[in-house]
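What follows is a pair of complexes built around chain A, which joins chain B in one and chain C in the other.
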Partner chain A sequence: MTMHVRSRKLLVACLVLLTAAVLQFTGVNPAASQTVLLVAYESPRDPGLDPTSAAWDAVRAVEVPLAAQRGSYAAGGGSVATVRLKALHYGGSLYIRVEWTDRTENASALRAEDFTDAVALEFPSRTAATVPSVCMGQPDAGVNIWYWRADVDAGNVALAAAYPNMQVDGYPFEDDTFLTARGAANPVAADRPVQTLTSRLFGYLNTSPVQDAAGKGTRTESGWAVVFSRTFRSTGPDHADFAPGARTDLAVAVWDGANRERDGMKSVSQFATLQVAAASLPGGGGIDGRFIALAAILLVGLSGIGIGLAIYGAAERSRER
Partner chain B sequence: MTAAIRLRRFVAAVIPWLACAALAELFLLRTGTRLAIHIPAAEALEGPYLVAASVGRFAFFVALVLAVLAAGAALSALWARGDAPARVAAGLFAGFVVIAALLPLLPGVAPITAGIAALAASALAAAVIPGRGPWPAVPFALLGLSLLASACYTAVLASPGPSAAAAVPLLDAAEFTGLVAGATLPLVFRRRPAFSAALVAALAALLALFVFAAPSASLRIILLWNGGITGALPPLLYAAASAGFVAAAWEAWRRGESRLLPVFALLLAGGLGLHNTYQTLLLLVAIAAAALFAPLTVRVDGRGSWSAHVSPGALAPSARQL
Partner chain C sequence: MPRVYNWQLGRQMDYRFETGTQKRQFAAVFNINRCIACQTCTMACKSTWTFSPGQELMWWNNVETKPFGGYPHHWDTKLLALQEAADPGGQVWDARAPTRAAPYGTFVGKTIFETADGVEKQATGYLPTDDEWKSPNLFEDTATRFSPTGATLPEHSGWFFYLQRICNHCTFPACVAACPRNAAYKREEDGIVLIDQQRCRGYRKCVEACPYKKAMYRPTTRTSEKCIGCYPRVEGTDPLTESIPMETRCMTACIGKIRLQGLVNVQPDGQWAEDRQNPLYYLVHVERVALPLYPQFGTQPNVYYIPPRWVPRDYLHQMFGPGADDAIARYTNPSRELLAVLQLFRATQKIIFSYRIEPGPKTAEFTIDGQKREIYNDTVLGFDSKGNEIVRITVNEPFYERPDRFAMNTI
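And then the complex of A and B:
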């Protein structure tokens, strides 16, 4: 009898370990994130890179809270409280629109005392074995970052714009041999408003050899709206991949130039979940309002049941006494 | 032996292993790998780091499988118990398990998952009452409230209109009620904690006070990510929660209710707030186990009906086998 019980316990233990091993090696994770969810439905038309495109009107925004980055030096930020995210996909490309409030426009960093407004999106790389550290990834789970800068997007690269009285005696060379920053592939000098970066730890941020994320920003009444775009599949090492029906994580960082924010001095979010939906954009956009109403009714109604049960339990107990 | 007793014994056998796996996952995967990235010259430690991460990930999957097993057995045991609070709790718990399993396939059900998790926690807290009385259910009911506030926060973020900044008080409310739940955890025993428990609780409170009063940014990020603890509330609250937690664990050990120790470990691994369905499942399994592990007697008719609390020494032989 004891032997029988012991062998049954051993069998259960083996089955548990085997199931866990299968889940680990196949990468199937039945647990799901319960964080903020951003759904990218298929758009009926090309949203393009224009943040004011009408394609975004039907998409419901998701608010993502930000906090000052205090995990690593240089620490700081915290002047931007939230960002509003929208996402779509069209023709095999993912589009993400980020909007935030920033009363001051800082689109030039030519002077040493100026800092640009900027925003970045962070995704786990396709090779990530787990959800990476939101602080620039970890050795077994890298991150792919798309970094947009207002100064490069605005084309404010001519020193004369910052120093109107400057004088240059003469500098006739215009090829990259003499524009040394560009010649050395400095990403800021490349006039590309969105840089594609990878990282496997803070302090280990790299410019990716494949620069395939695009973007464009525009000033709104209250701040900035920026659209990022990239094809689902990328050839870049440690880049993120997307696919209809698949989900990944997404974090946001915002720099407020007026607050002298740069480097690690930024407002950051935790990871939200990005779902690339296989379905087309529903009429109302995003999550159906009726669905939320249903959830609210469930919540309130069943809370009542819970409280009623508690009272019932107490009454039952006192009766037994 | 009735089905209720068999299921309860199964839960009692699985829970300690689940707690071990969950703690291994918490300390290796969630804490160890995330602390290690702050160590200078991390490249030199990449080998051990990857091994620890891999073992931690395996512990996660083991904990996940055990949690599903424990959940299935616990909700069946609650249903078999027969009283109304236990049956409603079992129904809501089953609802959570089903919807959580659908979540990876149907992300639109996320608000319902959050809501039903909160309701299941409240109902499970109510199911604690018939066995242990109303006061021991208080910390679990507070945990249910904490999950409810987190669920409302998730719903607000997903809905048009109010901004996320306006929803921040909900997060504070979730953390506050969660901390009060920790502080009131000794109520589970319905008796004043012993002097020794008060002493270790005071030490834990001092340590927590020191940690939360100090400007340690990295530690706060780790606590936020691993346990949903922001550190934004007054340090005294964290000290009180730590004291309550440690006092409850000490009392469980001292009173010979060691079956509650893995329950507290699961509450620790589950953390505050809604992170993922795995951590929420740990919390629900913990509360269900607290409801099932009440020091109860079983009526001689063996129908699985429960009587009021009695001291362990007075337990009927059939109940002592549980």
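And then the complex of A and C:
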């Protein structure tokens, strides 16, 4: 009888250890509140801004859950449940690839009722005294935001894209003074797909004087894939800085244009941890080292359970005799 | 949420921001009875401010034919329906004897701020589609029905009227309340409401919230724009008048002489400070002949209308509140002072800050609807911001007899 109980305990312990090992090595996170770790290894080649670049094939995606923004006006969103993140660095620049499911393509905001699909990454500013509020930062801890919008990236910036049959007699002036927001240097009016922004409280999103984040998106079968990139070091005030071996935080927001999402009406994540690894991407091109380790753990674990069961069975049989 | 006093509703209401810092308020009176819908105002505005790419469907000033017309289409009835759905049967007035703090009684229904949750929306509203912004003069001159036997006052059986609309530069603007990043703001010096083109991010919350739909989206800059109240003219920084405040383009271009615009002094609580000789204060608060447009929305709009005399009163009550009957009565049978002040409309480009009347002789006496009427040829004088006389005009139009040498009509 003693042997029976001990064997069962051993079996449970083995299963727990095995499960933990599998979760650890596959990166699956069963608890949404638990911090997600995104590791940016050094890429053996330049990933560029193309989300379909083969450089991303060897990188394991991390799933980050999203939820509707309910904290402050204007609340809303929640139509995108999760994003898949990948990260790399190459030549002193950080690359982050975001992919999400969005069946409706909204890549034009030319009509008054149309809103663009969009995504943004948020990092604590280098001057943040503490970890900022994920909701647009706080006075003593700002955030740096990279915002990509589908309409500008797709080139849908001229009226003719929405109204192919339009006719205008003429415009007396066409310089930026008369494109008022552009004349006022508002980056929303610049035909740039990625805007570099900073914030120290919700309602206080600001345009950074240094527009140095770049990005490119592409339509996938089920949604969007977007790559953001920026050099590790930035001259922009309140920007984030990165360095190999250093950790920082990273949050994601997604807007679904079909749901008329914009502003605070969005799907947002909590902060995940971004680790910029000093090491190169493991097994770049060959078999992933983590795969070998996982296989070894599985083999040892299963063997252990098998041996345990065999011992237990033998003991049972001898007792019956 | 702060409590503010809305004198047009005769009660306090919730609004996102406190009042108390504003000094003066842009205001205007439009006399609907005189408008011929020539659209000169519309084109004056268009050719001054909205002639560039992305502004093709943008008309900061428009004149629409009521009851069917609207720019954007059905902007008012759509919002009235949303408000009625939010407060079924409750959108009514408690009309009482007028006081200065409650000239139209008390509105006991809910404003657009009070029917919104404050979390997803600051004000009840909707976002018009691009089709609704097109055809800005749809239903032009369309009457409710054909009257084969003609129409007679007090209410025409088949009717329409022209509604002239610009931004109301509201005392409690819904666009300002709705903007999550304070890109829309109200100026302390004159109450003109602007959208900062450097801060705007094109969320279109203002377009959605403005009950009068006078914030408009511009696709070429991906931001929203609105009527700027010709603020360089109102400031007096336009070189034409050498630092004397001047009325806006749409006002001064009005050939029907239906418009008078100016600035009124504002008390810390948002009410107009007493200023008996300011023509706008006189028309709105003393004679109460000019009424706000849809005051029940709760934004305290600052363009005031002399209601059309021939329109069914229930429609006018809905559009201008319970003051419509008294306003029409006073306009139909004007006092000696009102008749003089009405001459100030479009007598000068400069803003009239005060007026004075010099009595003149009685020139006519007659009876209308059993009421004895007397006309005096008074002279009304208007003064600019520095107290200088800028206009002098009589009630009776001056009459000139041509000398003989023009007898053959050789002009």
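Just so we're on the same page, the second predicted complex is superposed on the first by the 242 of 321 C-alpha atoms of A that agree within 3 Å, B and C clash if a C-alpha of one lies under 4 Å from a C-alpha of the other, contacts with A are read in each partner's own complex, and residues count from 1 in each chain.
We take it that a contact is a pair of C-beta atoms (placed from the backbone, for glycine too) under 8 Å apart; a residue touches a chain by one contact, two chains touch by 3 or more.
Bear in mind that the values here come from a model prediction, so they are computed numbers and not experimental data.
K.L.:
In the overlaid three-chain picture, which partner chain does A:R260 touch, first (chain B) or second (chain C), both, or neither?
P.N.:
Touch status of A:R260: second partner only.
K.L.:
Contacts for A:Q138 in the overlay, against chain B (first) and chain C (second): which applies, first, second, both or neither?
P.N.:
first
K.L.:
Should A:L179 be classified as contacting the first partner (chain B), the second (chain C), both, or neither?
P.N.:
Only chain C; A:L179 stays clear of chain B.
K.L.:
Name the contact category of A:A58: first (chain B only), second (chain C only), both, or neither.
P.N.:
A:A58 contacts neither chain B nor chain C.
K.L.:
Touching A:L37 in the superposition: chain B (first), chain C (second), both, neither?
P.N.:
first
K.L.:
When the two structures are overlaid on chain A, which partner does A:A75 contact: first (chain B), second (chain C), both, or neither?
P.N.:
A:A75 contacts both chain B and chain C.
K.L.:
Using the superposition on chain A described above, determine whether A:A158 touches chain B (first), chain C (second), both, or neither.
P.N.:
In the superposed model, A:A158 contacts chain C only, not chain B.
K.L.:
With both structures superposed, pick whichever of chain B and chain C touches the larger number of chain A residues.
P.N.:
Partner with more touched residues of chain A: B.
K.L.:
Given the touch rule stated above, what does A:A112 touch, chain B (first), chain C (second), both, or neither?
P.N.:
In the superposition, A:A112 contacts chain C only.
K.L.:
From the superposed pair, tell me which chain A residues show up as contacts to chain B and also as contacts to chain C.
P.N.:
Dual-contact residues (chain A): 70, 72, 75, 202.
K.L.:
Considering the complex alone, what residue numbers of chain A touch chain B?
P.N.:
Within the complex, chain A touches chain B at residues 9, 16-17, 19-21, 23-24, 29-37, 39, 60-65, 70-72, 75, 81-82, 129-130, 133-135, 138-140, 201-202, 247, 270, 273, 275, 277, 287-289, 291-292, 294-296, 298-299, 302-303, 305-307, 309-310, 312-314, 316-317, 320-321.
K.L.:
Any idea which chain A residues touch chain C in the complex?
P.N.:
Per the touch definition, chain A meets chain C at residues 70, 72-76, 109-113, 115, 151, 157-159, 162, 166, 168, 171-174, 178-186, 188-189, 202-205, 207, 260, 262-265.
K.L.:
Mind listing the chain C positions that touch chain A in their complex?
P.N.:
These residues of chain C touch chain A: 51-54, 56-57, 118-122, 127-130, 133, 180-182, 196-205, 207, 216-223, 225.
K.L.:
Which stretch or stretches of chain B touch chain A in the complex?
P.N.:
13, 29, 33-34, 36-38, 42, 46, 49-50, 53-54, 57-58, 61-62, 64-66, 68-69, 83-85, 88-89, 92, 100-101, 103-104, 107-108, 110-119, 122-123, 125-127, 129-130, 133-134, 137, 141, 144, 148, 151-152, 154-155, 157-160, 163-165, 167-168, 217-218, 220-221, 224-225, 274-278, 280-281, 307-308
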